[in-house]
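Presented sequentially are two complexes of chain A, the first with chain B as partner and the second with chain C.
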Partner chain A sequence: MNGTTKTPRPSDVCGLSERATRTLWRIAALGGLLTAAGWIISTERTCAAVLVAALWVLGIGLGGLVFVALGYVTKAGWNVALRRVPEAMAGILPLGVLCMVVALAGAPAIYHWLGGAHGDALLEHKAPWLNAASFFGRAVFYLLVWLGFSFAIRKVSRAQDKSGDPRLTGRNVVLSTLFLAFFMITFSFASFDWIMSIEAHWFSTVFGVYCFSGLFLAGLATITVVAITLKRRGLLPGLRDEHLHDLGKLTFGFSIFWAYIWFCQYMLIWYSNMPEETSYYATRFHGAWGPLMYANVVVNWLIPFVVLLPRPAKRDETVMFKVALLLLGGRGLDLFLLVQPGISDTPRFGVWEIGALAAMLPVAVILLFKVVQRVPAVPSRDPMLAESLHYHN
Partner chain B sequence: MSDAVSELREPLTARPVSYAEITADIARPLEGKPTRLWYLGIGISGTALLLGMLAIGYTISTGIGTWGLNRTVGWAFDITNFVFWVGIGHAGTLISAVLFLFRQRWRTAVNRSAEAMTIFAVLCAALFPLIHMGRPWLAFWPMPYPNLRGSLWINWRSPLFWDVIAISTYFIISATFWYVGLIPDFATLRDRFRGLKKKVFSFLSLGWNGSARTWQRYEVVYLLLAGLATPLVFSVHTIVSFDFATSVIPGWHTTIFPPYFVAGAIFSGLSMVLTLMLVARKVMRLENYITKGHVGSMCKLIIGMGGIVGLAYATEFFIAWYSGNPYEQFVFMNRALGPFAWAYWIMVSCNVIVPQLFWSGRIRQNLALVFGLSLLINVGMWFERFVIIVTSLHRDFLPSSWASYKPTLIEVVTLIGSFGLFFTLFFLFCRFLPVIAIGEIKGVSQWAQKKPQEVGSGGGGGDGAADSTVNGQTEEANA
Partner chain C sequence: MSARIHWAAFERDDELLRATQAVRDKGYRIIDAFTPFAVHGLDRAMGLRASRLTWVCFFCGLFGLVFMTWFQYWSSAVDWPINVGGKPWNSWPAFVPVAFEGTILFAGLGVVAAMLIRCGLIPGRAPRLPAERVTDDRFVLVVASAGAGRPPDELANLLREFGAVEVHEELEHRAQLESRDPSGPEPSSAPAEASRPEEAGDPVAQGEEGRS
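The block that comes next holds the complex of A and B.
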């Protein structure tokens, strides 16, 4: 025994059965074709749909990476046994980046300021920031540096499987600290660029925090869903009720945090009632968008809050799985409401929107399960592993 | 908490100590005569408190005209002090409740004094709105209750009213949390003392008998209170930020204010806890319990919080430009270049640049330097509130009503008096109550914690041992 791999890996035991994988590939191919067709037939709609899907996939990678980095920075011990799941999410960051590249290729259809100010005084004022060269330049810079950190942190974690050197933990602490400091700033500005500037007249200082809260909440939900799926197939032996309990507490807490930021932004704009700010919510609470706005808060906050409040619920695999799935749906809805009302007067969810999601999400699922199984399911020589295997809440 | 403690973790006491030693060390300040240093400390702070009371007495008997406020700058020194003290009060609950929920066991050395500090800081904060009302004997008016004052009723839509509710709730829960945490220690002291002290501690310990059942109930209550206190950490400063952000004053109305104020409050509270714990460490000779590791952890938290605060400054500045709103832009340029630019740059250098020094491990280990830097952050956070409040007001929409603001002697002495109140209470606390949670620190003493080998798993380095445990877990799960 060399202590590196111990997980049984016959081809029939895997997170995703071969049949499911084939079906997902087919869906993705169909989605890809639809998106390509939509790009020609209904450019604006398809590009917006692609942006929603791309932000979702990118968020899986970033959410995983932030979770791993936070664990290192806070010297957490509990999360080590399940850390390979968020590491795998960080591992599909290249796919997220690819999706974002596709989405940004459609930028002229979404970001109207890219076509020039056309006498709009506000857009002329913003032109030093909102112009094609700096917009794409910033995007390339952010995406490349995030990718670099994701590769580096995962590489060190894998190296520790082989050498068992406790100093590697220290190296990842340093890398994670640098990543979080960089991420905090860049993600905030990326949210301004990629989402807020769709409605280029509107502004809100808390916007970056709001986007982060949604990203991290969805990250936790993804970790929960993947970890439970793997555990059910016997591929994540270290996962215990205690881990679910802690994931549940974090999910509960960040669901409240998301709602807190949502409320702060909404309440301050409602209270001050200034037209330059209320336009955002005026669009979103009128017509068919209104029910979706209420549903967003119900799905992302009210239901998780009520369901996860009792202790037994957080330790129950079935309950946690369902809540996490619900939150993944909530993530889609939240992104939809961030992007679409700036482009369309009424909610549209048809063939182009489904096509874009179908093109990207199945690939993310397939790759996620592939990446998670390529490495040992537990970082068996991490010096914190014993804590993770023996702690109790 | 974990049955096994990783070898990567530093021990939480500087040298191994027995349970008896812990009790003796922490009870010592309560037993003997106070040191000369203590008399000096309470002498200075008591004098400051008396001066402050004189200033407050003069203000109340004469009126708020004794302050430097004018028609344009209607809020200045008093509200700055109010927000400053409320902010200081945040780290206590953060350390005792939030870090408790996150199972950060190093908090045991500092949570008690941080909680005490919270309560004293909230008292200092409450002072300022009270005297700003001008007629403090009518201070019960903001309370909503059926009364005989005709149609005079509180304004439910005013954040000032929400403040009254939020801060009084926070005070009650923090004080309860503090008291509940003290109960086992009161029992320990009851068992040590004789005479009057025994009677007092006996009463305060609520019949604690140390049985497993008592401890279990205690832990449930403590956990529930921690869970209840955590949202309050957010709500209090969120609502303080609403006092400003719900208005349409440029520089005040911005959506990032709630999380930014909370982060700033935690930031300032942490630096005040750091200042005080370095003092308590020396004066009360607690070097063994408040180690360099604790100081390092506090410094790291300060870097994180300082980073968030710095990002908020940058975001506000950026969006002021991005929004294209000329009034917003003016306010921010006026902050950085106007007559109060000196205050702005003190704020930026103390809050954004100074914490960056903590990235260096060598600086974190140099306690004298850490002490100096923590004082600078305290100063910076006071100026942050001053900058937000005064610079946003003093040049308003009509240039004809632009005005400046200068604090009067009375206002300065009132601020000194609030520091006097704070430190007098803190010194009394150090003298009459255990400054470290005796029961909790026993749980993290070195020999109460097991190494990974002792629980049957290798963890790092042990070939194969971890695997067998991992497989053991699987079998257990499958069974």
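The block that comes next holds the complex of A and C.
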């Protein structure tokens, strides 16, 4: 492994081949048409499906940005060689915001409280927070500030490529600190607004933390999948087993964290056994949703936990790739179970659900690989790069 | 014991790492490395086999999980059932937090205890240090000297090439180490160590040498 790794990049070597890109665009176009049709034919169902897909894409951007910011705040050195991957994820945040705007355009179909309280005492009590003006106002505010931070942090990182000024790292530490403080609070509120208020009678104070744990776990899985894909094509030569090992440790840890928070929420509600709280799990564990709830825990915690427990597994490219893919599927299932049971009594996964996913996810994949290849694969003048290329676990 | 050894002191951990790898590549036998803190990658450079402590950790954790689950079941459903909020006596969600913490407690304490016992780090044990500065700012590599058929200066030169600030060739490795010992048979030879026993007892420096 030698110093600053910069291999010449022939134009035909891409993270995503021409053919795959074309196919993905076609799928996205088809998905877009389906979603447009579904919006007219089956509005509520399509809007819910769009919300799931939009949260997924938004989560890729936010997960990447949180990873980058955490790296700066903790002054981590190990992650520098692969930092362009989460930076690219933060780079597709505009797409996530766009998807979210589309999803919120369908808000009246999903959030029933938007139509007014109609004498519902609980909704009247919550009206100062849950009303149309403040709901959309908050959404615009959150999304714009997150976007602003993602532009600023990425811009500073790119500026360092040119100037090599170590003070730019310090500037990003400040930006990252501000972002994380702002994000952790606003993302919690955003989760209340966009997901929890689907079942507006129900409430849980740990809900934002739960949503964050899923977001960050999926972010780590996305970083792993993209980084390994790029490495296999020779586009990320700085990626070593040590990086995989650390990504593996984080994935393992946050998988446990996700399960921990899942159980935190569940156990308190189970213990106190109050009807206004248990309704959430009664819906989800009774009937056809039940097996999916169990599958969710198996996919997002049990399998990653058992597989990533031994040290060699975390350093194995194939194992890490497969676990990360599984976790990406788990992310979809988790979001599905957060949103859909509030809309429908039974799980529905048909043409409208597939259409919404097909409309948004392929575009995210295409843009992600485009953004990651538009900049040098390694932040070559980051003062921590040498550490990242040589450290040992 | 009358084996000849070389010991070399380095000022930086990465010099020690590179020297260790190079010396081993040349076919010399590493006896041990002494460092003031845990140096990542040193175990691989020394060619140590994978630690079996992970298995101790795993089975201690498994034991904690099973034991705590069983104990809660036995105490709340068998031996002394108490009605809590109308829940069934055997309610697994209530057992999870304690079982979880029990897993971590047993795994954590178990693996530390196993490591201390395996390294012989029991109270009152005499520290074995090649030089007192390995508890402060020196990284010492101890290598078995070459047998016949090797250029006599090769090893010393190699060590210096990688940045060793001191290289000594000594006889009777074990006796040498023992004599530097504050409580050893020759206290007069080591007054400095004797006056600072707390430094000589640095657990990190000793943890590194547990496999000698």
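Operating definition for what follows: the second predicted complex is superposed on the first by the 386 of 393 C-alpha atoms of A that agree within 3 Å, B and C clash if a C-alpha of one lies under 4 Å from a C-alpha of the other, contacts with A are read in each partner's own complex, and residues count from 1 in each chain.
As a convention for this text, a residue touches a chain if its C-beta (ideal position, glycine included) is under 8 Å from a C-beta of that chain, and two chains touch if they have at least 3 such contacts.
Fair warning: this is a prediction, and the values are worked out from it, not measured in the lab.
On the shared subunit chain A, the superposed partners chain B and chain C overlap sterically. More residues of chain A lie in contact with B than with the other chain of the pair chain B and chain C.
After overlaying the two complexes on the shared chain, residue contacts for A:P310 are found with chain C alone; chain B is out of touch. Once chain A of one complex is fitted onto chain A of the other, the partner contacts of A:H118 are absent, as it touches neither chain B nor chain C. Of the two partner chains, neither chain B nor chain C is touched by A:R19.
In the superposition on chain A, contact of A:T205 is made with chain B only, not with chain C.
By the document's definition of touching, both partners, chain B and chain C, reach A:Y391. Looking at the shared chain after the overlay, A:K126 reaches chain B, while chain C stays out of its contact range. Applying the stated contact rule after C-alpha superposition, one finds that A:Y271 touches each of chain B and chain C.
Residue overlap on chain A between the chain B contacts of one complex and the chain C contacts of the other covers 267, 271-272, 391-392. Partner chain C is touched in their complex by these residues of chain A: 263, 266-267, 270-273, 309-311, 391-393. The residues of chain B lying in touch with chain A in their complex are 1-9, 101-104, 231, 234, 238, 242, 245-248, 253-259, 307-308, 311-312, 314-316, 319, 322-325, 452, 455, 457-464, 466-467, 469-471, 473-474, 477-478.
Remark: chain A residues 1-3, 6, 74-75, 77-78, 121-122, 125-126, 129, 164, 166, 169, 181, 184-185, 188, 192, 203-209, 231, 234, 237-238, 240, 249, 256, 260-261, 264-265, 267-269, 271-272, 274, 276, 378, 380-392 touch chain B in the complex. Residues 17, 40-41, 44, 50, 54, 58, 85-87, 93-94, 96-97 of chain C touch chain A in their complex.
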